[in-house]
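Take a look at the structure below.
Order of writing sets the labels: A, B, C, D, E and F. Residues in every chain begin at 1.
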Amino acid sequence: MSVSAAARVSTGIAGLDDMLHGGLLAGSAVLVEGAPGTGKSTLGMQFINYGAAQANEPGLILTFETFPRQYYRDASNFGWDFRALEDANKLRVIMTSPEVTRADLRSVNGHLESMAAQLQAKRVLVDSLSHFERLTNDPVELRQIVYEFINGLKRMGLTAMLIRENSALLGEAPNVEEDLAFVTDGYILLRYLELAGAVRRALLVLKLRGSDHAKDIRQYEITPRGVEVRAKFEGQQGIMSGNPVSTSAEAFVQAFGRKK
Amino acid sequence: MSVSAAARVSTGIAGLDDMLHGGLLAGSAVLVEGAPGTGKSTLGMQFINYGAAQANEPGLILTFETFPRQYYRDASNFGWDFRALEDANKLRVIMTSPEVTRADLRSVNGHLESMAAQLQAKRVLVDSLSHFERLTNDPVELRQIVYEFINGLKRMGLTAMLIRENSALLGEAPNVEEDLAFVTDGYILLRYLELAGAVRRALLVLKLRGSDHAKDIRQYEITPRGVEVRAKFEGQQGIMSGNPVSTSAEAFVQAFGRKK
Amino acid sequence: MSVSAAARVSTGIAGLDDMLHGGLLAGSAVLVEGAPGTGKSTLGMQFINYGAAQANEPGLILTFETFPRQYYRDASNFGWDFRALEDANKLRVIMTSPEVTRADLRSVNGHLESMAAQLQAKRVLVDSLSHFERLTNDPVELRQIVYEFINGLKRMGLTAMLIRENSALLGEAPNVEEDLAFVTDGYILLRYLELAGAVRRALLVLKLRGSDHAKDIRQYEITPRGVEVRAKFEGQQGIMSGNPVSTSAEAFVQAFGRKK
Amino acid sequence: MSVSAAARVSTGIAGLDDMLHGGLLAGSAVLVEGAPGTGKSTLGMQFINYGAAQANEPGLILTFETFPRQYYRDASNFGWDFRALEDANKLRVIMTSPEVTRADLRSVNGHLESMAAQLQAKRVLVDSLSHFERLTNDPVELRQIVYEFINGLKRMGLTAMLIRENSALLGEAPNVEEDLAFVTDGYILLRYLELAGAVRRALLVLKLRGSDHAKDIRQYEITPRGVEVRAKFEGQQGIMSGNPVSTSAEAFVQAFGRKK
Amino acid sequence: MSVSAAARVSTGIAGLDDMLHGGLLAGSAVLVEGAPGTGKSTLGMQFINYGAAQANEPGLILTFETFPRQYYRDASNFGWDFRALEDANKLRVIMTSPEVTRADLRSVNGHLESMAAQLQAKRVLVDSLSHFERLTNDPVELRQIVYEFINGLKRMGLTAMLIRENSALLGEAPNVEEDLAFVTDGYILLRYLELAGAVRRALLVLKLRGSDHAKDIRQYEITPRGVEVRAKFEGQQGIMSGNPVSTSAEAFVQAFGRKK
Amino acid sequence: MSVSAAARVSTGIAGLDDMLHGGLLAGSAVLVEGAPGTGKSTLGMQFINYGAAQANEPGLILTFETFPRQYYRDASNFGWDFRALEDANKLRVIMTSPEVTRADLRSVNGHLESMAAQLQAKRVLVDSLSHFERLTNDPVELRQIVYEFINGLKRMGLTAMLIRENSALLGEAPNVEEDLAFVTDGYILLRYLELAGAVRRALLVLKLRGSDHAKDIRQYEITPRGVEVRAKFEGQQGIMSGNPVSTSAEAFVQAFGRKK
């Protein structure tokens, strides 16, 4: 299988598919990370809705905290009718716990596997991977659990979007003891940044195993139709720090300035 | 239910309602975070006073530390007569503890539910969510407790404003282990910043589930009439760090033209 | 009671009273925070001396570490005769411990209450609140203890100045787990900053419940007559970081003509 | 043995061999460190593939987490046929654990030694050294274990590439308690950096015991043919921080004429 | 006793006496803090040598680590004959432990008190206060111990110089849990800074209870005659960070630059 | 003994001897600190080789991790024949442990003392002091152990070079709990820095008890002949941070003249 020939799974977001050179690779598991309000869940619901409503790729949503009715409400804000999709056997929103999910994936003919088979599910949204941290305080064990969990999803033939919460509003979280991004096939970052007295959002793809991808950092917005990826940030440096500077001023200035 | 059709609850602060595209969404729970002296409690009292005195939306104040008489005094400084509102059955200031509140919300026909029903309360101010941290040292358990607490308030049909204290005077708190903003529907930040030898205050809306909102960072002041949201900060970069710089440099650089 | 009508208690420092729009509010408790050598104790002694010697408002000094004779010596350096004030029943310097103080304030007709009544004391200086940290390692419990302590002082009708030590010479202390400033009515910061090869001192008022206050950051000096608050820092940005920069660059830019 | 005469082992990446002044030194152990998505495993597979498929230097891959079939898939994306190499006795992908590996290397005629002898293996990829951290919480003991492990590989005559994961996306990891780079013969860093609104990758060689090496920081890309090392970053300062600035300011300064 | 009338004790360093407006106040205790190699011990020996050899103020050196013979050697490098001073009963170098010293100062007619009385000692150098940290892990208890220790020295009529080690080569130590500078009468900082490709040393006086003092930051050097305090740093900003910038460039530049 | 008359021990590196105003002081112990790949061991071997092969000052190498054969190999890369020096009784490479070394130095007529006497050793390289950290978790005890160890080496008349590992690639290690540099007579820092898209190395002398030394920060390189110290870094500020900036800004500013 060559790189170009890999089957692609559209995220339902044209600009993001474009950055991914066509979409996620079928059967891969991708991490989507962001701070509160960056639209992680919206992006994930859009991925599931597109599959179930438009691509004939039914989907599962595994939620460890948010009640299904909240998903129905939140989806309806974007015009996505999750109740109808459930009625049509295109979607299941499953409220469960990391413990139960883990045991289920380990058992033969588990509940999730049956449900995925029944729906002929092709996609799964996990909201959120952060809840697995309650299972253990040992980062090594956590990683093994997550790796096993991801492999369980892959065995079921699902393309997975895994949400991770990042508490840092700007820049990186200060203490990153372990990084689950090492065990996923892709890594998409959602970031806040301050620009001209307003807070904007930026998206970048850091990792996409088995495929090339766009390296640029793009603006996106959360509209009544969901996430929309816009143009690349032009003329800004330091976007990932959350506090960029113009590169017309920057080049000129920084020779004199000092980085603390 | 479309985004535009969602019922709105006015905060009583015109400039903030404007940023929220009309106000809070009815039945939502919004986090309001700030350092000491940023006016979190004032903003919260204003929200409650507006509902009880002007919008026929009675309200509750749950306080875990400040005595009710302190609220009466503080409110009177802004011309809000909380004693009169209590006498008119438009307001209850309830001093309680996180433990009691939690047990009460779990019970059938609890005290809070009765009181809310009796008042036909539509709003609640929780001052402050930070006191829930005393219930457990486990961030995961804390989050579950808060999530359950918020759902309890929502079941009672209340629109909730939840105060969170942030000890960092400038910039972000250095160690953010968990972030309760993941479980609230909205997230409003109050910040100090230093500008031209004085300390100013800035307000921004980071998250508003189910609605668009203004992205810009606005000045506000605490006046004898309460919080007043002013214009956006123009020509400043790095506001969220608390130490912005003028962006007039760009114009200068363009005037000189770069040779590169 | 309106904002303008609140009774004011002069700090004895004209420039600070000016920043406070007349002085502290009677019956309030204000935190005064600073690094070693910023003059916290001097400011506090001045507040007490002014009350006892000039405003007919006798005062108490609660000290948990410094011996009374050290206060007599230090005060005499500024021309304040604390021994004479004690003899005239205008002042008591009480060396005690947080434990004893706490138990005393809880008891009916405690020692402090008797002493305050006997002197008709109106002011109290607590030097320092930092010693309460020895009572518990639990930040939530500490806060409850301090809140109860402050309420005890208020019941006695005292206007309180509470000193807090801050170990960071420049900028903020790196690990702020709890912030007692949330439970006080006011918050005054004393800071070092480096300017033109010398170390200066800056004062700012962050919080003053129930009143407006100056927002600017002012220079002050410790003179043989005590603390003297001088002019605002002009043309400096980043004062609170302790390492400000001149903003005269903008003037420079304008001299060269901006095209924008 | 002089420096120039040391036998060299090509990495299979022309640009990297060039930076290493010909390749790795035969029998040395080199650390390759990077964040998720920087291509550490790709670089390692390329090193192994080159040896097995082109240089008649069979190789072993020790993996502590990733399943062999994942290697086959990932390698095939770059056109490397690991199954065929295994069939031809040029490669073994061994999924094991740090514990088993450690015991095996300590035993006489261990499994790894037999396998290496049978294949006449000359290369080994360890993916990843980070998993040894599960063996002990004591950084000193960890270092001894790793040192012993590396010596075990050297006794078998292998040239080793050891992968280490670094969780920090930009800049250095904040808490570096111990550094295994002190016990390896070489140290290659893979870094992200943001440049002109896009995320680029940079490679540098910090240490190469017994040989000189290029000191410059070079761009690289992950192409369908594997890692390709490109030109040095010109005109940028602060690359290792992940957020470089243009140094073209100096050119600008010269255009305006310096008097000095 | 007015400020101007306080008896002064010369440090033996003209430039430092000048900064202290005449010298240390008799009977005070001053903290001298610096990184390795900043000359803390040299400054302290000079203070003791000046008293014993020139001012008829015999002195004690309390050392908790360095052997007396090392003091003789180090002093001889600056032309100070400590052996001769001991023979003349002008000096005692006492190697002891914090535990013994503490017990001794608590006892009536302790060893130190006898020795000070016998010599008619007026000065003491404590090298270093940092060793008291071994007595307890509790910062509050440590502070009480040090406060008691300092009061013990004062009871004996000694003017004390207390050395404290600071591990941070540039800038502040990152974790300052407690600060002994709150219990001393003075606070002198020795700092490294980088300037024009070389490492310089800077001295500043932050605190001097009961007296005014110079606020500027001065260069100093360690010469064959001991510490010599030179001119103020002109035209530099950010000296205390260890990495100053020229203020000719700085003012101009920082309007464009950004503080991270 | 005056400063100028102190016997000097050449390091074998002309540029470093120059910075040390002739070399190390005989009988002193000097700390050499650096990150992986900065050439600490090379510098140490060069010091030993020069003594044994050229200055008739035999030497010992105490190694706590690296096998002697690795030293032979590494030395041979620079043309230093350690085996021949051992045969000629000019050198002993001793692999031992901190525990054994400590006990040995405490005993009368220990093994090390005998060996040093037999060789008439004048120099010792300790590689590395960092391994002493395994002896205790108590920083105070560690310091006492190291101080005792250094005094043991001094009693044997040896001039000691002590290697310390620093994990931070750029700048200072973030958590410096204790600093062994307080107990050594000298302190030499090896640092990486990024300059014009390449990684350079810088050396500086911070401390040299009993002697003046160069204060400037010099470039050095590791060549086939060992460490070579080059010129001072000109026109760079912030070298110790690892990310310097050009200081040519000043000239620019002066060319434009400020109006202020």
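Annotations
To be clear about the criterion, contacts are C-beta pairs under 8 Å (C-beta built on N, C-alpha and C of every residue); 3 or more make two chains touch, one makes a residue touch a chain.
None of the values given here were measured: they were computed from a predicted structure.
The fewest steps needed to get from chain E to chain F, moving only between touching chains, is 1.
Taking the mean Cα position of each chain as its centre, A sits at the greatest distance from chain E.
In the contact between chain A and chain D, the residue numbers used by both copies make up under half of all numbers at that interface.
As a whole-number value, the distance joining the C-alpha centres of chain D and chain E reads 49 Å. Between chain B and chain C, the centres computed from C-alpha atoms are 29 Å apart.
Averaged C-alpha coordinates give centres for chain C and chain D that are 58 Å from one another. Residues of chain B in contact with two or more other chains: 174-175, 237-238, 241, 243, 245-246, 248-249, 252-254, 256, 258, 260. By the touch criterion given at the top, residues 1-4, 6, 140, 143-144, 147, 151, 172, 174-179, 181-184, 187, 204, 206-212, 215-217, 232-241, 247, 250-257, 259 of chain E touch chain C in their complex. On the side of chain A, the complex with chain B involves touching residues 35-37, 65, 67, 73-74, 76-79, 131, 133-134, 165, 167-170, 173-175, 192, 194-200, 222-224, 242-243, 245-246, 248-249, 251-253.
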